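These notes open a run of structures that come right after.
Here come two complexes built around chain A, the first alongside chain B, the second alongside chain C.
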Partner chain A sequence: MARPGTEELRRRNRAALLEQLHRHGPQTRAELTEALGLNRSTIATIATDLAESGHIQETTGRSTGSAGRPSTLVECVPKAESVAAVEIRADRVRFALFGLGGEVLERAESPLLTGVEGPAAAEAAAALVGGSGAEAVAAVPGLVDAGAVAHSTELGWTGRDVAADLAAATSREWRVVDTATAAAVGEWSRGDAHDATRLLYLHGGRGLTAGLVVEGRAQRGGSIQLGHIVVEPGGLACACGLRGCLEAEMEAFGYAEDIESATAAAGMGDAAARDGLRRSGEDLGRALGAVVTATGPDEILFGGWLRELYLSAAAPVRSALAETTLPHLRSRLRLRTPVLGEEGPLIGAAETGFAALIDRMR
Partner chain B sequence: MLLELTGLSKRFGPVEVLSDVDLSIDAGEVCALVGDNGAGKSTLVKCVAGIHAIDGGSISVNDEVRAISGPRDAAALGIEVVYQDLALCDNLDVVENLFLGREKVRGLVLDDDAMEQLAAETLSSLAVRTIRNLRQPVASLSGGQRQTVAIAKAVLWNSRLVILDEPTAALGVAQTRQVLELIRRLADQGLAVLYISHNLNDVFAVADRIAALYLGRMAAVLDAADATQSQVVELITSGRSGTLGLGADTNGART
Partner chain C sequence: MARPGTEELRRRNRAALLEQLHRHGPQTRAELTEALGLNRSTIATIATDLAESGHIQETTGRSTGSAGRPSTLVECVPKAESVAAVEIRADRVRFALFGLGGEVLERAESPLLTGVEGPAAAEAAAALVGGSGAEAVAAVPGLVDAGAVAHSTELGWTGRDVAADLAAATSREWRVVDTATAAAVGEWSRGDAHDATRLLYLHGGRGLTAGLVVEGRAQRGGSIQLGHIVVEPGGLACACGLRGCLEAEMEAFGYAEDIESATAAAGMGDAAARDGLRRSGEDLGRALGAVVTATGPDEILFGGWLRELYLSAAAPVRSALAETTLPHLRSRLRLRTPVLGEEGPLIGAAETGFAALIDRMR
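Our next item is the complex of A and B:
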């Protein structure tokens, strides 16, 4: 293998330092030296480079140690690079412009009419985003592959090339990820899930989708149609045309509208509500058993209204999971709820853009 | 092992309330303790907390056998107990409650601002967003917020083992969720948690292991990943389930 040239090495080190600051926030030079495993003079050189290009700045920051002597911190300049992130939902488009380091620079949203088509949704996104950001990333709830939405219960779209719709509306390139995958990236990079190697995020919206990210990165094929796993052959008719799909059996649409009253009623002892939650939990656990067997995650996050469902029906969910997975798959599996809440998909979409942007610098 | 109970026995007069109980809890894990009313759960907690003297067996903390003869001993070992009827002072605010009774013990001198900042940092490390005003008297907090303050106290004082005896019993659904997430986060930050509840959904939501007490005996200790609700219900109500439990081949306890 040929050794990389000096210029190439320097580029890689610049990207590594920027990534370190973007991901972990302001640090001293000593901390950077330690984290990147480079020597002090290399750090000094690339820090000077990056300061000249306007990517980083040095500030007198927090005091360290008992002496309380303030130390110089290196930090990203948020406006130096930015990523436009958009989340398309059934009833609205949300937009945020994220600066380097993860700060939100701008934020806006606009309503969508029910049953909106791809091009109209793209126009709404275009009006919010304009030309902002070096990268533009959209999170769309559904089965997403290579920029296209194969199926979305939430939006009622099938076979929609969303990346093309967005490109046409904005005259720029877009990355498209599914909402669950975006949220997984967000929770891994800015939430509590950074210990997960294979992180599975379940998104409860009007439909049910899942996203698998490996080491915090979106994967081709990682977008999973959780809601259309058949849990009851010949069961209730699903909008997708099949019968007995998880989202039909759970009546996901009802939970998306109002899970609170169902869990509150069950909490107060309403027998029908308890029974409904128990059955939903069992169905979810069984479908999850199949997904876990197929994908082998080490952590699952219950997002959207699945958070409430999991916390109120964890016994049937985990019982069904125990009965449908092999011991070595379930023994190291952590089941958790997300910490970023509604912001997860936007944050993750932005992080997907930053990952691409930093990769390009290498 | 952070906490290890070996052959623990406790009697009240002639009645043996805990008999030969083995249980161990590691740092980073939530161990749920379940059992019918009167099974001995709270008694077990009070033995570990130093409120009851034990009649047999031993309690080890970090692999060292310890005599815990009072709540002070327990606190010195990093054991914090959160009871359902919390020991918070209604007339004091959140910050004051977090620091109550600890100033002298550690010889700490902190000014008000420093205490407030430390309190805010602790709450935010636990992703607690429900308490906006740290200067509000605890009397004005909801039940869930009060539990949150009590639990945060354990984190603030660098406890290593937090024991919660039915912390959600008096809470509504939304507040229970927040406390459950908090319990899970405590363990994920490296604390050991012993969590007592009668609600199996709450137990399954957070537990890594489930220990079932039956009439003062440890019927079984299961990995939550392997357990089913019906197994746990059987262990609670009859002390056994299939090949598990009292009088069966194994009780699953770690050796």
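Our next item is the complex of A and C:
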């Protein structure tokens, strides 16, 4: 079988080295040699290339080895490449500019009026972002399909082409991912979920959404409207027009605004609060049973206000999940809470941009 | 940006041309030029290469144009590359050897005893397949994960490493896909579902499974135990240990053996049969609501005995689906029956092998 040309190999190796430093931070040449499976002279050539193009620098850093001799570390130059990430919420737009290696170079946010429409939200994002970043990525809470928000309980949008709104406001291209998927990418890249092959992130905002990422990458069709899994056929009317949706049955809006009060009251022995949490946990576990059967994740992270719900109602969530999921699917499944908190969606949106940026270098 | 080397481009183009002929059948050089976006001299060079390696041949074929002058057609040489496909069922193993272009070169089957174990099924497959085919692919009904059958209602297997059993019996490597996923790949490649981006195929055998393929390719995690979506919490006991599974609620085993009698009786006005079909359709529609919400397909095919159920109970399936799926997800969803019948899983298993074989040529 023929081998790829020399220049192509060199390009691929450059991208691989940059990705390695971007993901894992400063390393010695010896560590890079080991991690990438390339020989020392190839690493030296690539490092020279990347230093010349301004992407990396070598610094004398930490002491290693028994002699305590300081070794030279290779690291990204943060400003060499950057990605603009925004998160659109019901009440505000958050922005951060991330440099190579994941450092935050700039940060800003601006309030949004309740019930804001797509173009107005895009204008607010445009004012924050301007032309910054080689890639621009927006995280939006809802069902995202090919750049458009098909349904968002949180924003009250249906069929809103956010990518087009953002492009019109900024005269540049945007990637749009749903907030749950962005948070999943974030937790996989910079959180504590790197071992998960199929990671399902649950996002509790004003609506309940989920994002499935496979090996850290957002998937087409991975944006899941968890809140609209019907857990009670013919049950309570939901704002979406269906009946018995998880969101409606959990009275999600009440919790979204004040999960802390509910968990505090339950902690104080309030029977109604305890019962509400238990039943909500059961409903959530049952909805998850269907999602797990259909998508086969190996890790689930409970994010947003679902974190508090899970911490207070882990037992009912787990028992309802156990009653609705085959043993094989349960046996490999870890349930956990995310570690990046509110930063997850922005970090993940940025990592989605960096993945595209590094792919283009190959 | 640097361009790939000449030899690599040539290799890619050869693979693209072969894939085009494999998928779409004999074509003129002018049609190939058009389809692949390459110029005539490039097509001529590749065609010469592939003719020399024995993969294609040129024949004087059909008349085209107003003058009725016969034009030269480029076509695959079926025996140049072949893939061995087997389908393991509860009662038999089916085998077909497919040549390039999709032609069946050999076909055979042998009975299996009820309750057969993995190694015995693998021995039966080995006797049929021998060393034939450059790739060997098995379709197995159940939840397939990394070559192993985690759960199969139809075969009664749990945690059976079929890929290892087949490898041990034949001294070669095997790919294993679940039957529903294989059938989905078949319908996408050689059936009538090529327009579907995310195709969900439902397979009714002794158990109910589903396979999700994206742009015709089997997905890791795309093997879905449809029969074990819980549609009735706390409902009927299922053989898997859960309660209220779709399979248990539909009394799937009875239908699997005799759906024709049930639909015939309903057609004759038997009220109990009609009621059973309606309720089964509703249960199926509700289970699908959850699967559609979690996976976002744009087409669903009702295969195996679910074809008959759907043809007799389309209205309750559709109404239950409408009650459990967001309008956006429904609006782009087509419900249909497959066109390849019993051949779907074998054809799809073979196409999975050809996809791997052609990928290796790139």
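What we mean here is this: the second predicted complex is superposed on the first by the 360 of 362 C-alpha atoms of A that agree within 3 Å, B and C clash if a C-alpha of one lies under 4 Å from a C-alpha of the other, contacts with A are read in each partner's own complex, and residues count from 1 in each chain.
Heads up, the rule we're going with is that a residue touches a chain if its C-beta (ideal position, glycine included) is under 8 Å from a C-beta of that chain, and two chains touch if they have at least 3 such contacts.
Bear in mind the structure is a predicted one, so any value in this text is a computation, not a measurement.
After overlaying the two complexes on the shared chain, residue contacts for A:Ser319 are found with chain B alone; chain C is out of touch. Of the two partner chains placed by the overlay, neither chain B nor chain C lies in contact with A:Ala271. When the two structures are aligned on the shared chain, A:Arg243 is found in touch with chain C, with no touch to chain B. Of the two partner chains, chain C is the only one that A:His151 touches; chain B does not reach it.
By the touch criterion defined above, A:Tyr310 reaches chain B but does not reach chain C. With both complexes superposed, C is the one of chain B and chain C in contact with more chain A residues.
Contacts of A:Pro327 after superposition: both chain B and chain C are touched.
Once both structures are placed on chain A, chain A residues 323, 327 are touched by chain B and, in the other complex, by chain C. Put simply, chain B touches chain A in their complex at residues 127, 172-174, 176-177, 180-181, 184-185, 188, 200-206, 223-230, 232. Chain A makes touch with chain B in their complex at residues 192, 260, 263-264, 266-267, 307-308, 310-319, 321-323, 327, 330-331, 333, 336-337, 339.
Looking at the complex, you find that chain C touches chain A at residues 1-8, 10-11, 143, 145, 150-151, 158-159, 197-198, 214, 220-221, 223-225, 228-230, 233-234, 240-243, 286-287, 289-291, 293-297, 323-329.
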